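Every chain is named by a letter (A, B, C and D) in the order it is written, and numbering of its residues begins at 1.
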């Protein structure tokens, strides 16, 4: 089994936001700046159309423009992964095909997310996408939104047979991720989606992270990864503590962490940094308020990622 | 507030399956027979693209062909409702617009179902669809798939302001449905999605039912409704008991009720009755096996709906 | 199989509150009045130590005094059932034995509720209690607190083998209850715990109801049952609508229905009626406030159960 | 604020099993050997009556004998903590008082676990136990059994006001634990209950671990902790990988991790090591079979903890 992409898959791969204009269309100029900003910050890949990228809410045209733009701007310096977050297999295959045509280097595929399916049906979903499109697949394990945990045995079977080259774990189940780390076949790439545990998973052998919070401050995660690869565990852990503080940008005033609020904070951060022009998120997410923008600014300043 | 459609909304409205051919495309000939079969059986409306109709799994083209066919075949004899089961608001609006163009009489809209949204975000979703498309809206409350209960106060607010003309309750929360029945504004139409409780909800004041099991034997539900309207409560209840027996077609050999298995049994029943040609369901649902076909036949024979 | 108790099990059996004094001890005088009040209201049984009775929160001594008092006051006019809501089998057996010694006519046993157990372990739980104590057992299906649904096949197996003589369904799964009603063996007694669905379950064949709201107005439920047995379905349904309105006593100002708030409202109602002296609930339930007392009074007055 | 116990709280504190004889009574001789075995293995404390200790299933007498025995055998060499896993506050206080009388050094208190309570009610629960019994309290956060997450703000409030001196986190929410680690007040002790993440939480600043798997091989966890304190991160991580392998003793043949099966494996391990005489668990847990004993032996041998 040869994994040409897998060898280039490691490090910090932000699940990048999708910049929109006031009318809700893809904002190409902001997108160009945004993708360049991340690459210049040293990230090791880009992942479009994940949850942070509002993937399941985007119009087809927005997806196409964003992917085309990112592929062009990135220009092969790092891999560009396209999320395939579709309710069913046929729709997933259509999205996957289009992503390949537009130049994606790999696909991140989540379970079907309207109906509850069995682990067997889940395996068929991944296999069907893999058969239909000749691109490396990573599984996206995110039961909070899909209602379905990709079980350990399912993941191992798909890994060993070559259907998957890796996985992004956003399950919140750090113990299960640890079991997967120990049992995975050689070469299978594992990434955490938890911005709060990047140091820990790297130390325990994971290949990298796909943290939503890298939309707020990619340079912190890149630096953490550099500390790790240089064997500076203490520095990595200290930096992680600062990231834990920064995570508060995702916590709404009522103490909860909601998808709409979190994505709004990502866009607020990039606007505050002058990277994107507009904080618009997809309906039905609540719009970003001036108060939210102020909170994000304050937390970014306190943690030293904004002056 | 005028509810022109609402006055025609009552009785048995099957959430009709979407017949596919072996290649997974819409099977027009089977569809024509199927929609006619239901209308001839006396149903009071058709609801396409619900869960039983595999709505969230269908390709756009399949949806369009099915809706066009049903509108043509039904020819105004009963209302045709189109399900709008979309992960986000923009996608929902696009689906809703297309449904109106193709002649749907009303829309059945479920909450966004990938991200967890708040009740406020949920209200915005319904309002945005209503503003964008001039068709009556019914809410589809089905937290088992959407992860989100439409709360009583949310439903009442949307009903009283005229955003919704009715609702299909597939929440499984019969007590909550009862509270809604007592509190709903005049003219707001309420339907249950539970095939096992049709007699009870009719007696307690609901307007009708949208039972998946009507895909197996619409005539039983039509007869039950006729008993009810004629004041024959005892006969309605007795017939409901027979329907409870028939419900076993949805129960897999391991005792669980799974979406894929249930939809497969609906298609099996219609094939056994000679209405559709092919039992194919959408991937990743497990295919209907000969064993499942045999179980469905046996239960239909035992309950007297197949010779 | 002989079910001597089962023949006397039908109708309205309130899951009666446990009156406490200011110090949190059993209030005997209030208890005597309370049990007499219910019997005078025409109830067909009393169920102590259910969820409304704060069963799992009570000290052993409180349980003993309450049961002794109720058995004495009721004096055989109707059956007295004791709840056995214990985290494990050994503790359940000890409670069951003590209940028998104190004169309970039957036991209502819920699944073990700390650890998640399997359906097989659940069966062993019921069987072990039944073997240890020669009293009729009813199962108490209440997954909202126990985290475990008693599955249909489990219930049927325990019913058919004689371990259980009946069940109280507080699962909220009205459709599952309907399947159980149709499949239960002859003589197996079924009660709903949902105050909002009493008319419907009686019409569909259930033997009665164990409604927490009967703690607020037992006479309404007794009257509803009389309408039902006299064949006055329309009157039963109309009365049920009034009960749905009265249910608002359980709804906190924030729109949620919480156990502590609901039990507080039951005690408030009985104090407002002059039956018990003190509204104290068990810690850690939030205490009943003057504001809650006022809300309960207002709703009782609006629905005509308090002047 | 003085935390006399807290200063002695760190390292590996097994949530020790409760050895029973064939009749289900406390097996004193096995208990003496077991507690000594752990102390000799170098553990830094003992925690009786947690989930691994079958706390909520034990008879009062068993609890008393076990606690008395452990206090006597341990003789102050390490702290002995008693679990207070009670459904309500009054019952918790009674258990807490008895534990103090019998010599416990501290209490580990979980949320009330039958009724769903609010965070405010939860705070009252901890405060009431703390007021009633003068022993240091640790919170036991285990929503899989209690249905209730102790939220970050709740924990911090109870920590800052001195109600709690620490917490055992068995929530499975490693990201939330990380936030707590960063925000906790000085001196507040934090332990993970996850055997699969001990290295990671120690590196990120936690004080220790309370791993159920320490019932199978305490020496591995003690060694891991020694590696950590000596700054040998790589060795700690390597040993953790071996522990991940050993975790398979908790995985039933069907791939699930069930409480009853896991506790059975702990007892099997201690019997295989000659420490306890009998593998009996509390009803309704399924009994340990010869097949399970064989699986445990095989995995222990493969991972080098049994010859």
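Assume a residue touches a chain if its C-beta (ideal position, glycine included) is under 8 Å from a C-beta of that chain, and two chains touch if they have at least 3 such contacts.
Please read all numbers here as calculations on a predicted model, not as lab measurements.
Of all chains in the assembly, none touches chain B and also chain C.
Centre-to-centre separation of chain A and chain D, using mean CA positions: 35 Å. For the pair chain A and chain C, the distance between C-alpha centroids works out to 50 Å.
Shown for chain B are the residues in touch with two or more other chains, of which there are none. Because contacts link each chain to exactly two others and close back on themselves, their graph is best described as a ring.
Chain pairs that touch one another: A-B, A-D, B-C, C-D. For chain D in complex with chain A, the residues that touch the partner chain are 151-153, 172-175, 178-179, 181-182, 194, 196-197, 199-201, 203-205, 233, 237, 240-241, 244-245, 247, 255. Listing the residues of chain B that touch chain A in their complex gives 24, 51, 54, 56-59, 85, 87-91, 94, 112-118, 120-122, 124-125, 128, 144-147, 258-260, 282-286.
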